[in-house]
Each structure stands twice: as structure tokens, then as C-alpha cells.
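Next up: the structures, one after another.
Two complexes follow with chain A in common, the first pairing it with chain B and the second with chain C.
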Partner chain A sequence: MSALGGAAAGGEGINPTASVIGIVILLVALGITFFIASTGGAVALIGIILGGALIGFGVHFVPVGGAPAAMGQAPGIATGVAMLAAGAGLAGLFGGAWAAELGFAVALGAGAVGGGLMMAITCMMVNVIYVFGMGIPSASGKVDKDPITGDTFPEYKSQGTEGHGLPFISYVGGVIGGTLGGLGGTLIYLELLAVYEAALPVIYNAPLEEILPVAVSLAGIFAVGMFLVNAVLTAYNITGTIEGPHDPKFKRFPRAIIAAAVASSVCGMLAIMVVAL
Partner chain B sequence: MVENLVLGIGVTALAGALATVAGAAEDTESDIGSQGDPNSQVQLAPQMGYIHRIYNKAISGEPPAYGLWCALGAGIAWAFMAINLNAILALIVGAAVAVFVQGVYATTAYLGRTASLAKFEQPVYIDILKSVTTVTMAHAFVAIFTTISMCYLMVAALGHPFPLPLLGLVWGIALGAAGSATGNPFYGKERQYQEQKFGAGVPISASGNIVRYAEAGERSSLDNGWFTSKLGGPASGLCFGLIVFFELWRTVLFEPFAGGWGAVIAGVVVILIFMVIDRFVETWARTTFGPYTEVAAAEPEEAAS
Partner chain C sequence: MSVKVEVSEGGVPHDRIMAIGIVGSLVAIYLTYLNVLTGTQIFSFFGGIGAVFAIWWGTDSIKTLCSYGIGTGVPSAGMISLGSGVIAMLLATKLGVAAPIGLVIIAAVLGVILGFLSDKVLNMNIPVMIRQLTELTIVGALILLGFASMATGSFAFIDMITGTTTFFGIEIATYTYSLIGGSVIAVIFMLGGIAIQHPFNACLGPNESQDRTQMCAAECGFLSMIAVAVMSFAFLSVSAAILGLLVAFIGWIYTYNEYIKLSKRDAYDWLDAKPIREPKGGA
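The block that comes next holds the complex of A and B.
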């Protein structure tokens, strides 16, 4: 935990060997899916990989302060990275799944806005608690000036802390993170739903209307599971806390995108093979 | 059409109200049981030589814990409804069974976590186990029952495609995320570090020095629930209630417009409104409180020493 003076764990750069191995795994998963579930399955898997990468990228925007934030020792939201991102992304998935019958683009839009809305309300309530419940103004510990509003922070930082509250840049980061999470989660759900809607009526030899609840449930639970996989994986990349897009840790995102894409390819392959084998 | 709309708005309002109660109960439960991030200090205190009588069950974060309990409650309710049990009764039975799992979780978490502090001479208090566990269970019942009832309304009245157990998982995780995000700072800074100066963060040098004594005798976790239910709990309730209400409201009211894009546009407008409110709160704090002066900034450090 950086607030307690420990050094940030984890390197900053991309490990070329690990990345090449990861990309090989991704291509193998794509190849197996193409071999088993033909072009439709492979295209769906590409959508799932894209959704996973969006989640991995989006989690980096979410300002999470963990335990130090709960004592006003560090800026951000006082909870865990993966869990907050999951809360927002799944709220988005709820909206996206609801709008699925209105078309692909509308569902994606509904999912993105659902995640963004959850974060917009949560971030606002965090600032309300800090300001009206604890009398503490927002101050970043990573930058002296808010890149959006130009507010200066050093004089608003209480002594012995790394900053506190949610500066506006962190708020905007939270909304962007929730939006990307909701978008990625919904994309995974829609791709899986299309695969299951095509395959399940053939397997059970029943009309689509009867099979639809099973398809929705399967796609939903796999989407939730893959969301958690990508969010937790990204949390390892962040190592503890992050303030948002202005935090130096944000620059680590390419590594998380590669990892999320690889993890999503393997998880997606298994989810497609449930009906393709 | 109009009747459907009116029903939809009514259900939206009811779901929002249920979510508000759920958020308040969730945060109070987690503060009494000390499950959120501030529990790091409860765990740290004995290691710094501060023996206490605070409950300690943060074996996982609030979002996955509530995801489990709400999915469990919703799943059991769904199974009972499948055999034609009355929906309200099924929801009550589902929540009750989930609460027993929560009780087992709380008991083993308290015993395990506290026993791990034995080398720092932190005792396991059986009277705390008896008195606090049941109170957290009661609050958890309220939180789980209201959440799965809200999920049932989404399925039965609003026609959401997800099955009830999956909605329980999704909204349980969102409930834990909203409750821990909003309520944790109030419990962590304002209650556990009540001796520190108001209006400033806890200096890192004071970590572990939590308040351990009450007006009479040692502080109990029940006192923490009494304190946080004044602001942290209701604020968490408001947060989760607003999330659920606006998520449903924008869909129910605006989805028929522009082929579904109406709901998306309404959501963007609501996000922008909350962004403006947040910016107002931020600037209000800066202008009203002003910057920390040298003297004021030195005081928390003195209090810690």
C-alpha cells in the first residue's frame, strides 16, 4: 500500500516474452474456436476479446483508494479496484441485457451509460460524504493541479496524508471507467447470447422462444464471470490504489489490455465450446 | 400503453425505495461487523499494541459477500417460486436461508481473524460473538430481503430477461460496491479515528490507534452501528437508491423514444447533471473550508503523538 510508504510493486514496462506467449495463446484459442465453431464462433470470440480488453482498459480509469482512502489518507473511493469496477460494469450489463432486443448498438449504448451512471452517482456520494460528513476537501496526491479544472491541490492536502476525496479529474475518470466497463461487459454478453441463440435450439431440438431463458442465463453468467476475471486481472496490474487517468500507474494499461485479451480468449473459447462441442 | 407506463414508474419508485433501505442496512451491517476497508485498522490495532473489542469479519470485500448472499437468497426464492410457493413467502425464506450463511461466515471470519492475532495478545471474546453476530445477521436480512425483492420486481413487473438468481448476483455486487464506497470513509475516519481533528485526513503516523473506549467501558461494534447509521448508512442508501432508480427510470420512461436511444440519451443527461452537482460540492468545499494553514495542518500530527 503506497499510503503506508511501501514501494509500488510490479514493473512498468511490457515483458516481451510473456506478451508473445500470451498472443500465441490468444491465437491458438482463436484457431481452436474457428475449428470447432466455424467463422461465427471465431467472430464472437473476437468480440469477447475486444470486450475483455475494454474492461481491462476501463478499470484503470476508476479512482480507487482502498483502505487508506477510508481514513482520508489517500484520494479515491474507499473500496477495492476489482469490486468497484465490477459493481459499475455489472450495473451496465443489467442495462445492456435489458436493451438487447432493441439491437446491437442500442444495447451497447445502454450498457455503457448504465456503468457510467452507477459511477457518476457513487463518485458524487463519495464527495458528499467527504465534504459534508467529514469536512475534507478533495486533493490529489499525484498531481499539483487538476488537468481539467486547474484547481491546485498542495494547500488543500492535510498534513501526514497523500491527499483525500475525489478531485474532478478522478470523478471524470470514474465515469469513463464505468462506461468502458459497461460497454465491455455488454459486448461479451451480446456475443455469447448470439452464439447460444444459434446453437441451443439445434441441440435441444426446440423453438428459440423456449430456449431463450437458458441462452440468456448462460450468456449472463459467463459475462459476469468474464467481467470478474478481467477486473481482478487488471487489479493485479494496478497493485493497490490508483487515482485515475492522471495517475502514473495509468500508463501500465497496455500490459493489462494484453493480459485481459488473452484471458478473455481462453474464457470465451470455453464459453463457446459449451454449446459447440 | 399509459397504464403500463404508470405501472412501470410505480415499480421504479418502489424498487428505488427498496434499494435505499438495502443500501442503508448494508452499510450499517458492514460497519457493525467491520467488513469494509476500515477493518484494516481493526486488524492492525493489536499489532500496534492496542487491544480492542471491535468485531472483525472482513474476510472478503462487501461486493463479493453481498453478491453471494443476494444470489443465494434470490436462487432459493426462485426455486420455491418454481414450485408455486407464494412469491413474498419465497423471498422471505430465501433471505432467511442466506442470512444463516452470512451468520456462519461472520462467526468463522471473526474467530479466524481474531485468533490470528493471538501472538499480539488480542483475545477472542465469546460475548462479542454472541451479541454482535445476531445484530449483523438482522441487518443483513433487511439488506438481502429488500435487494432480492427489488430484483423480483425487475423480473416480474418490468420484464428484465435475467433470471432472479443472476439479478441477485449483479445487484448484490453493485449494492456492496455502492455501500462500501460511500459508507467506508465515514466509518473509517469519523468513527474509528474519532479522536483525530475533524476536517482533515488521518495522518499515516496515527494508523492503528483506533478509538477503543466509550463513555462507559470499552467501545462495542454496536456503538459503531449506532454512529454510522446517522450519516454513512443513509448516504449509502441514497447512493444505491439513486443508482437503481435512475437505471430503471431512464429505461422505463425513455426507451420507447428514438428506437431505444432515448434511454441512452436520458442516461447521458443524468450523468452530466450529477457531474455538475459533484463539481459544485467540490468547489463549495474549497471556498467554504479554505486551504489548510500551517497551524491547522500541524494539529493532527500533534494529536497523533
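The block that comes next holds the complex of A and C.
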């Protein structure tokens, strides 16, 4: 469903030539980073690539309804992929950034829980509005039976719609998506923060406590930028709306993981270059 | 496999808008370098003008891209523009005097890779995808560099991470009270994001006309510029910041009035509604 009514693009399947070129770009970025920032930079870049791939994979779980959902004509949360992913991922990123000084594992956990919690609250309030505000039951249009609860959908689905509301499987998908997105965003942030904390005091000959705000802010804004790039690339892969892990479009995720990994590698290389050059 | 939807017939061709946008933006951002040459901060507001040029150009790029059904809504194009732009912009600020030119090159390389990923790896198969994502990455980076140089009076990385604060009457240099250390860059990021994704999203539809959309873009740009001018009080001398605020206000009032005129021109009918008057002596 496009804003202007044009047919949604994006066919099925993987384009092998383009994917190989993408992976070559990834390896070149990794090589350049190793050359200018030695092993530490390359290891950080691998973390960033992993984080980007997690974001790309996670966004596929989030039930995105777009404009049709706002009118009760399609299931999902009634806004676009980029907005939802940004909301969940940034909530996770803030949680992880807050916990950054408590250790790597705690920070990653806080990021994941932050993103998952954000999506859980969003999905619950969306259903409260759908059920009590708009008076529509939750029914998926893509499957006849909820894979988790076993509830049946066809008798509740209104004619002429693709389903409506937010079924339980979509809710679970949203929480999983938020968790993976928050985890990926926090991983990118932590890797960049470690690079900047090590490099900035040396370059500007200042004690770490004084220059820490710059390191935190740089890592944060780069993590936000990379998160949005990965989320929008994944949105382009989904082309509009998706119901959650049971949607046939979910099977497209390998493409998004390749694209997100390549994009993260190039963006991460540029972000590490800021202190390495 | 996509269907092209013509959004507005005629008007200024996209190539010409791109040329005006990139030249205008680069010239305006380079004019802030007069600060360094003359030792003042009075020329900082040119950075904001450069950002408005970039927003004006970026709106037409978004229109060209979104006239194909990308299926994700108009704001997603604005988000990827600023998200990739901030990465290119912060790296380019390390290049000294060459920063604005270097920014265009770095952003173009990043944009081509992102466009290739969307078009070929993700099978979008939209003919203008690579070109428009390249343009949008440059636009996002130019907006951020323009606003950042307006707030700090310089486009050098070192001036964005250092600021001064007064401690018991003595001025000391600090990293905390700076554009990046104080995370003002994040506010600029969102101000630019709102300005780039709003205009076409607001004006699209069968009755879309190019001059109205572009006027809305300029209006959004000047509105963001007002907020940046307010933030520049923290980094610049009072006179330079007030000049920036005045320029932004005058620009915004002019473009807003023009936008309302164009909206009235394109509207089928116009009711100039007045506020409900309370009867005298209470109800």
C-alpha cells in the first residue's frame, strides 16, 4: 500500500549477483577498517555488523499496519515501519546507554528489555484502542488459526478487509522484534563507545572524564543514524505492511540481513574513521 | 516492478532544482568561513540558509523517489536521508576547509552503496532509486552541516566538540558545553528530519503542485532555522545569534505567507474562519 497508490515493488527471492557484490563491499570495508584502526577497530566493526543484522532481522517481527490499519482494514500497528522501528529501537538504545557503565552483558540486556518493553506497551495500548475505542476484534488475514493460541480468525474477519486488530501472534512478534532491535542498537552503541573512549583522550590529549560527553554523544548519534538506515532498508524489503512472524513476507528476511550487514559495515567504517584518520 | 505515478505536471525540472540546491547550499555554507577570515561570528546565519537550500532540494528528491510506490511512506525517505547524512557529515567535518566539498563526496559514496542495496539486493527495482538515495544522503549531510555551522559558527570538528563556560567569572574551555558534547547535534538531527519529511507528506495528492510543495519546504526549513538560531545563543555572541534569529524569522514569515497564498490559489474554496466571539457581558 503506497502513499500515492502505486503498486508496491519488491519481488521474492534473492538476487545472487547483487548479494555477492554486497558481501564484497562488506569485506572491503572490514579490510579498510583493519588497515586504519588495526584489530581493535575491525573487532568493533564486526560487532556493528552483527548489531545491524539483528536490527534488520528484528524489524521483520514487528506488526506494521500502516494507513490501512488506522482505518481498521488491515492488522498491525497503525504506522510505518520506520517510525515503529525507531520508537522501539531508540527506547532500547536509551536503556542500554543508561546501563553502559554496568558492564557489557548488563547493558545489552537492558537494551533488549527496553526495546521489548516499549513494543509490549505499544502493542497493548494499540489493542486497547482497537477493541474498546474502535470496536473491532483481532483477526489475521494471512492465517486461519493463531499459531500460538489456536484461536480461529475467519469468522471474525470483516468482509473486504485483510483482517484487523492485533492478534496474539502479532503481539508476540512485536515484543520479539523490539527485543532484537534494542539488542542490535545497543550493540552498535557499545562498540562505538569503546572505540571513542579509547581514541579520543589520545587524540585531544585530555583526561577521559572531560572528553567522555563527546564520546557518548558521538556514539549515540552514530548509533541512531545507523539504526535508522538499517530500519528503513528493512522497511524497503517489507514494502509497507507485515503482520508478524506468520506473514509470508517474513520469508524475505535473508535479503534484509545481507543489506543491513553491508550498510552497517560501510557506516561503521566511516564512524570509526572519525577517530582513526 | 513498479508503476510510476506522475505527481505534478510541468514545473521546474528536477535537475535544475538539484543544481540550484547543491550550489546554493555549498556557497552558503562556505560563506560561514568568513567568520574565520574576518574574526567575527556574524556570518554564522549563512549556515542556516545553506540548510534551507538543501531542504528545498531534498523535498523534490523525495517527491521524485516517492512518485514510485516504495510502500513505506514518505517519512522513511527522510529518516534514511538524515541517518546516513549524519555519518557522512561528522566524518567530513574532520577535513578542515575542504569539509563541505568532502561531505558531498563521502555522502555520495555512501548514498550510492545504500541505493544499490535497496535497488538490487532488496529487489526494489526502481529506476531512480540509486540516484535519489545518493541525493538524499548528500541532502541530509548538508542540512546537518548547515545547521551545525549556524549554531557554532564553524564547520570544523574541533569547534563542534569544544565550548566555553563561565566558572566564577572565568572563561574555561570545556568539552561538555559543546555542540556534540552537549548532544545539541541530536536536536539538529530531528529538526532537519522533520523539515525534510514533512513538505511532500503534507502536500502530496492529486492536486499537488510543485511551487506549493517547494514553498512548504522552504517554510519548514526556516522554521527549523528559528530553533537552531535559539540554540546558537549558547555558542555564539549575542549579536550574531540575534542576527540569525532575525533572518530566520523574516524568512519564515515571508515563506509562510507565500505558502498560504499558494494554498488559497490551489484550494477549491476558502473560508477565512474567525474565532468564535464571546458575547459581551458573558454568556
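One rule holds in what follows: the second predicted complex is superposed on the first by the 270 of 277 C-alpha atoms of A that agree within 3 Å, B and C clash if a C-alpha of one lies under 4 Å from a C-alpha of the other, contacts with A are read in each partner's own complex, and residues count from 1 in each chain.
Definition applied: contacts are C-beta pairs under 8 Å (C-beta built on N, C-alpha and C of every residue); 3 or more make two chains touch, one makes a residue touch a chain.
Computed from a predicted model, the values in this text were never measured in an experiment.
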Partners on chain A (chain B, chain C) - clash or fit: clash
Which superposed partner A:Ala18 touches (first chain B, second chain C, both, neither): second
Contact breadth on chain A, by residue count: chain C or chain B: B
Chain B versus chain C as contact partner of A:Ile203, first or second or both or neither: neither
Partner chain in contact with A:Ile211 - chain B first, chain C second, else both or neither: second
Contacts of A:Ala86 with chain B and chain C, given as first, second, both or neither: both
Partner chain in contact with A:Lys157 - chain B first, chain C second, else both or neither: first
Chain B versus chain C as contact partner of A:Leu277, first or second or both or neither: second
Chain B versus chain C as contact partner of A:Val28, first or second or both or neither: neither
Which superposed partner A:Gly133 touches (first chain B, second chain C, both, neither): first
Which of chain B and chain C A:Ala99 touches, first, second, both or neither: first
Location of chain C clashes with chain B - one stretch out of 202-210, 238-246 or 274-282: 202-210
Overlap of chain C and chain B interfaces on chain A (superposed complexes): 3-5, 66-67, 80, 83, 86, 213, 217, 220-221, 224
Residue numbers on chain B that touch chain A, as the complex places them: 36-38, 40-41, 61-64, 160-163, 166-167, 169-171, 173-174, 176-178, 180-190, 192-193, 198-207, 231-232, 235-236, 238-239, 242-243, 246-247, 250-251, 255, 259-261, 263-264, 267-268, 270-271, 274-275, 277-279, 281-282, 284-286, 289, 291-292, 297-298, 300-301, 304
For the chain A and chain B complex, residues of the former touching the latter: 3-5, 66-73, 77-80, 83-84, 86-88, 90-91, 93-95, 97-100, 102-103, 106, 109-110, 112-114, 116-118, 120-138, 149, 151, 155-168, 171-172, 175, 212-213, 216-217, 220-221, 224
Contact set on chain A toward chain C in their complex: 1-13, 15, 17-19, 21-22, 25, 66-67, 80-83, 86, 204, 206, 210-211, 213-214, 217-218, 220-222, 224-229, 231-233, 235-240, 255-256, 258-259, 262-263, 266-267, 270-271, 273-274, 277
Residue numbers on chain C that touch chain A, as the complex places them: 1-5, 7, 66-77, 79-80, 82-88, 90-91, 94, 106, 110, 113-114, 116-118, 120-126, 157, 161, 174-176, 178, 180-183, 185-186, 189, 201, 204
